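Two complexes, one shared chain (chain A), two partners (chain B, chain C).
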Partner chain A sequence: MITFQTVANPDAFEVPIVEWGALSPLLIMALAPILLVTVSSVVPSFKKASLPTVYTAGAALLSAAVTATLWSDNRLLMDGALTIDRFTLVGWLIIAVGVAAIAMLLDNYIVKQGYFEQIIEWNVLLMISAAGGMIVVAAQDLIVLFVGIEVLSIATYVLVGLHLRKPIAQEAAFKYFILGAVSSGVFAYGIALVYGATGSTYLSEIATSGRNSLGLNPVVDSSLMLVGIALMLGGFAFKVGAAPFHSWTPDVYQGAPTPITAYMASAVKVAAALGFARVMHDAFGEFSVDWQPLVSVLAVLSLVAGSFIGLAQKNLKRILAYSSINHVGFILIAIYALDEGVEALLFYSASYAFTVIGSFGILMMMTQTEPVLAESDDEKMVMIGANKIRNLESADGMTLDDLAGASKRHPLLAGLFAVLLFSQAGVPFTVGFWAKLQAILAAVSVEAYLLAGFAILAAVVAAVLYLRIVVAMYLKSDDSEPARTNYSKLSLIAVVACVLLTVGLGIYPEPLSDLVTNAGS
Partner chain B sequence: MFLNQFLLFAAVLFSIGVYGVLTRRNGVLVLMSIELILNAVNINLIAFAAYNQDLSGQVFALFIIAVAAAEVGVGLAIVLLIYRNRRSIDITEQNALRG
Partner chain C sequence: MLELAWLIPGFPLLGALLNLAVGRRLGEPSSGWLAAAASGASFVTTVLVFNELRSLEAGERFHIEKLFDWITVGSFDVDAGLLIDPLSITMALFITGVGSLIHVYSVGYMHGDANFSKFFIYLNLFVTSMLLLVLGDNLLLTFLGWEGVGACSYLLISFWFTDKANATAGKKAFVTNRVGDFGYMLALFLVFESLGSIKYDDIVAGASTLAPVTATAIVLLFLLAATGKSAQLPLFVWLPDAMAGPTPVSALIHAATMVTSGVFLLTRLNPILAEAQVWALGTIAWVGAITALVAATAAVAQNDIKKVLAYSTVSQLGYLFLAIGSGGYVPALFHMITHAFFKALLFLGAGSVIHGMHHEQDMRKMGGLRKLMPITSATFIVGWLAIAGVPPFSGFWSKDEILLYAYNADAVGGKALWVIGLATALITAFYMTRQVLMTFFGKPRFSEDVHPHESPKTMTTPLIVLAGLAAVAGLLNLPFKGMHYLQEWLEPSLFGNEVHLDASSNSKILLALIATLVAVSAILMARKVYGTLGTGSFVPASGSEDEGKPMTVAQKIEKPILARAWGIDEAYSRLFGQLGEKLFHKFASFDRSVIDGAVNGVSKLASGVGTTLRVTQTGYVRNYLQFMAFGVIALGVWLLWRLFI
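This part shows the complex of A and B:
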């Protein structure tokens, strides 16, 4: 029998117990892309039709199903580095189901844009990024959290720029990369200061270490901690796209391939928001008096910037980007409300995720069957310099005016889009109504009446934002003929599922609210 | 040596990095400025780890080095793609997206 004696003092380092069963949703999401890239390079015929898409969606749904079997678990894993509780599981479920839907949207997109040769890369990066997001949601240690955020972000930088022939995709990727890397640096600097002030990277130990663990002057020590919290808050605010750290959002959302925009607006944003809430609640709960005002300012600015600046936009993807900034305002209100807001946070994140995936999905499908793409090869040429860039993907340049007559060209998609927009506006009988209601009630329950007032005001202004799109689709007269309907079946299934969830949970929200109850404990 | 010497050094390095990101027009130099920011974090972490007699700060510094390498790899790839499409890595020319 071979024995390894590499550790000089066996007491100094104990290998933690690895709970494979409880980690399996995360492991499926992390190992499935490695398997995919291996198999597809050994077996070239694997890259056939929709097989990679079905594989990705299947792996993601398997991960979601395994998450569901862990439902009653509530414990620490990996020597306290990860935690698995209702909060984690709901986050994993949102991300896994989101990835399945995005993979189905990508199926259509990749083929139409002529990237079928790279279909493996898109799917692999999507799953790796989602695995990073799942780590962020479960992290109970700042090192693990940082690594999770970086895995999530770096894979997303690549996904944004993966449309190789589209210069604005690279511009978007570069902008996202620079700002993302700086915000990661700021975030890590914050972690370093918090570590210096408390001597630990575990969230639970940071929470209990009190204000003067270094034994120095308590003023110095506390200020280290407070600066650290402020820097981490800035890093998170960037990742979720909260105003005033939102300026990258419209640019990147517009330039990125539309299914990837849907991914960034849903799974990436939800993962970052849940990680944000976890750190603020679990590690800095004692300092809530110090950070709550900052979060409320971020929330108000996001609500105002999202709704008012959004009104000034013409481009559809930019309008939806500002609407996502507006949604972040509601999510931040739920984070502000601490324990009272946890259920609202999860409810809002879940309902927001599939609404926004559906919205961007429909936008993608509408523009991909536009006759513009069917024209000659010259039309598809990318012109560089002289400021005039014709996009391969017409969704990037699509404005409200281009939507005129969409209800005649795409009767089905226009109807589905309208439902999703009503949900985002918070119209009753859609899930968006319950989500907004819960966030506002959470603010009221912690007596943040001003915040609740701003939320209601912003919801009204944002409703105009969504109604403008519906009006453009239905009321602008246009004698268009119905377009040839050759929508990808998988994409259509994903979009229809999003709409069914929106309406179904809007009429009968109990399943989702049962899912998120007791998540705060 | 005092702890605050390291912290001040790291703060200066961090500031230089942020200044570089804000002012440099060359894409590669922006990437180098980002490296400065992450290395400022490393100095902080190692100073605190030595001060607290605790290993986790040093472990974290190793993780940040690895992450920074991955990040700069992706960053250079993006810069390369931009160069292929535009024959220039001047970031002020990256202004097609606005509104």
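This part shows the complex of A and C:
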């Protein structure tokens, strides 16, 4: 017999106060997709053209604007499950602005591919995933964090595979899904062990029941705790794509539609990195002597794997995927430096996010894609012949050789791309220089000289990654004529904004530095 | 008004950007007028700021207008700010004033050039950089301007880059200046190292804490920088070649403004100069004096109308260094201002002649232009009298002041410096008279199909204005009681570091009389040698039919050694061309085998490692899962291992 347990005394269960105002950026990002689904199912004309894009970009920018109004807020929300502080707000800002830029690129991608069927789904999932990311950044409780990570990830799996006519995207989505599911399992197991050791899932409570105040059986409890930390570390390392948990990155980045790759490399990665930093600092701060060496090993491996293996690649998306692994190395250095590295972490995340969005965006815009198949119609799916598939492969398989003469075919795009690549390489007068400098200074300030040295060397090797692309565009010319531009104004606005930020903050980094200061507390 | 000071460099920058955006569409002459208007607006702003500054108490005339935080890295904290004080505003006044006139002149001079609007972009950018150089409130911002003017100078010297000689001249200027910039950077590092700041107000406050040795080193390094930009020995060789650029450029950059930046820098750093050992100042004075003499003698034998003026500029800049080395900052600035007026005037006059003669620059093929180009010749004559030091024209007053300081600078060799200065004055009057006679007087020596004509109003108007200024600028600082306007005005920028002479008025008058006498006798001498000469009276071009005839007086004076600027240029080419070349080849082969070898080795290693590691990327999910599993296990084992040890 089934009995329904009811709350005997309603007063015993306290409904937490919901701070609607402080949560509004998150709520906008979570409710906007629901509204979009509803409206577009009632009004079919909404599916056409750039309307969903404008809607998504508008919602994301609104969320960013509301975030900006909360600037000086610093408190716990939802009975301590979420927190809103400078750290959260910077993360929200990065994610929200990133989503706006990616929606603008996505619109162009859909037009170029002639693939309008899923236009609503793409935008909806993008926003839902971003809302998950915003939860990750703000979470103060491991369960909430886990929910955020799953919302973020599951939507992303679907986004990767949503281009139903691209087998390579399907493969990527499937790989990402399997590996992601395993890593989520590892992560959840870690949460369970930590809960077992401390009896709490709140970061602040875990911190206070740390090493010196564990229960009756210190050895058992602290081994539970340490294994839990190890498992969570592994889970986070997968999400941010740190070596040796990086192996999915090149395959998935290559296979995914390029704007989605940009999204994974920017907003997803930043959300995971910030969540990572928050948990490691706030919950496991007392165990930092234990996990810091591991983070430094992950950093070094990421730096090495990202720069060295990247050199052996020819495919541009794979090169940029390895470059993102290299960037993770720098982000991990900032996490390693604990309090000294918080500003560097936020500075690096922000500058890295728009640099990488711009880079993938330009790559997408440069790719000459004819509409793959005739308009819509499911039966055309069957008609994918060998020829068509090869076409698709090359569409997302642009190699260094294909770039030869790009400076003549697309003088504007090549110039913008070069600027972004210089920034990724850390050339002075771009924001990438200041980001790398801050990360290295953070390592120096905690006397991790070896790590700083590694970072400098890896930056040198990685510079070759980027310069190879510039060389391919500018020095390996052929007799190309300026090509017909087949990119939209919206996407151009998005990448130009990225480039302007890169150069503007490169010459005058103060605004971004101001933004991230005092985020340490 | 002071808070609007950013508009001073802002206007020309805006002008350059506007021309960059729409210059080609505006075309000729609108884009030129746009640039001139930008420069003019900057001048008006400067005048307003100047008025505001004048209304302040003398003690408060050292105002820093912070614009924004520029760079903050550790203890290295630099703002972008403008330093408004009498020194910077004086510089800004004549930069924007003379600059605006030259912009107007250029509208006429560059008529018909294919890259008309590009020229004005560069010109505006130059003015911006120069203003940043003088207005910057720290050494780094000044350096930004310093490099900016260097870059603009390079671009403008080789403006007609399709001619190889012009491109080479541009490169020569660039490379020579780099040597000086090297000194600037080292000095900047040294200042930061010893004072912990590179802001001028901190330097002023902290200079007295510097050890004399440190201060001396800083001064000598900045002197190296200054010899590059201000074309002094040993780095002056680029300036004569820089005449390859359009004449307005020679007037603006290579006579009136950029080349004075070295002198400005030394003046700005007067608190450090005051701490340095005496011989550092002596070095400055002697570098200046010797440069002045050498360049003046070289100018005697030049036949290119612009080359004469180029060597003359080097020589006059030498005076400025002589003044600073003798502790006379005010005379240095005084002469800098008068020189800016009369040398810009002479250059623009020369440009007008070149324009009228259809791009003929050889003075041997001129003569008698006085009647054909009345305005140009009249104004040029004013400039000549000014530079020759004939009272009451401006050059007389300022040069006399420098000689007075040199005469009294006993610590660094006063009387000898004075003699050299006086000799230079003599030669200056001589070669300038020679130039005027060869160009404007005597019989025409140009061929009959050349029809010289007076230049358009856009060119003559600036000439007239500059002639007026060159004539009366001496009023700025007359050596009579109560008329030291410039001295009183500049006082707040010098912090009492300038030498106050208590020379008796008798000795002042005596020195002035000697100087006047020297100038007049030099003019008479030149008239005797050059006044009556015809076509065949000059050193013949090799291969001409006059070669081998007995030499005239003029030819004996213009000995070939002089024609080649004392052989310094040749000595440089020989040093770098032969001995240096061998050395460079050695370096190059070292670079190829050892350094490139190492670099290539590293890159081979890197791509080798990459290719090897790439094998791990199989594309199979099962392999990826293995990595993850091993990774997690490794993490767990490490943490537990720490626990149980």
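Operating definition for what follows: the second predicted complex is superposed on the first by the 480 of 521 C-alpha atoms of A that agree within 3 Å, B and C clash if a C-alpha of one lies under 4 Å from a C-alpha of the other, contacts with A are read in each partner's own complex, and residues count from 1 in each chain.
Just so it is clear, a residue touches a chain if its C-beta (ideal position, glycine included) is under 8 Å from a C-beta of that chain, and two chains touch if they have at least 3 such contacts.
All values reported here derive from a predicted model rather than from experimental measurement.
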First (chain B), second (chain C), both or neither touched by A:S184: first
Which of chain B and chain C A:L164 touches, first, second, both or neither: first
Touched partner set for A:P250, first chain B, second chain C, both or neither: both
First (chain B), second (chain C), both or neither touched by A:A207: neither
Partner chain(s) touched by A:K175 [first = chain B, second = chain C, both, neither]: both
Contacts of A:I154 with chain B and chain C, given as first, second, both or neither: first
Chain B versus chain C as contact partner of A:L27, first or second or both or neither: neither
Touching partner for A:M78 - first (chain B), second (chain C), both, neither: neither
Overlap of chain C and chain B interfaces on chain A (superposed complexes): 175, 178, 182, 186, 250-251, 313
In the complex, chain C residues that touch chain A: 68-70, 72-74, 603, 606-607, 609-611, 613-614, 616-617, 619, 621, 623-625, 627-628, 630-632, 635-636, 638-640, 642-643
Contact set on chain A toward chain C in their complex: 175, 178-179, 182-183, 186, 219, 222-223, 226-227, 229-231, 233-234, 237-238, 244-245, 247-248, 250-251, 290-291, 293-294, 305, 307-313, 437, 441, 461, 464, 508, 510, 513
Interfacial residue positions of chain B with respect to chain A in the complex: 7, 10, 14, 17-18, 21, 27, 30, 34, 37-38, 40-41, 44-45, 47-48, 51-52, 54, 56-57, 59-60, 63-64, 67, 70-71, 74-75, 77-79, 81-82, 85-86, 91, 94-99
Sites on chain A touched by chain B in the complex: 142-143, 146-147, 150, 154, 157-158, 161, 164, 167-168, 170-175, 177-178, 181-182, 184-186, 188-189, 191-193, 195-196, 199-201, 214, 250-251, 254-255, 313-315, 318, 382, 384-385, 387, 389
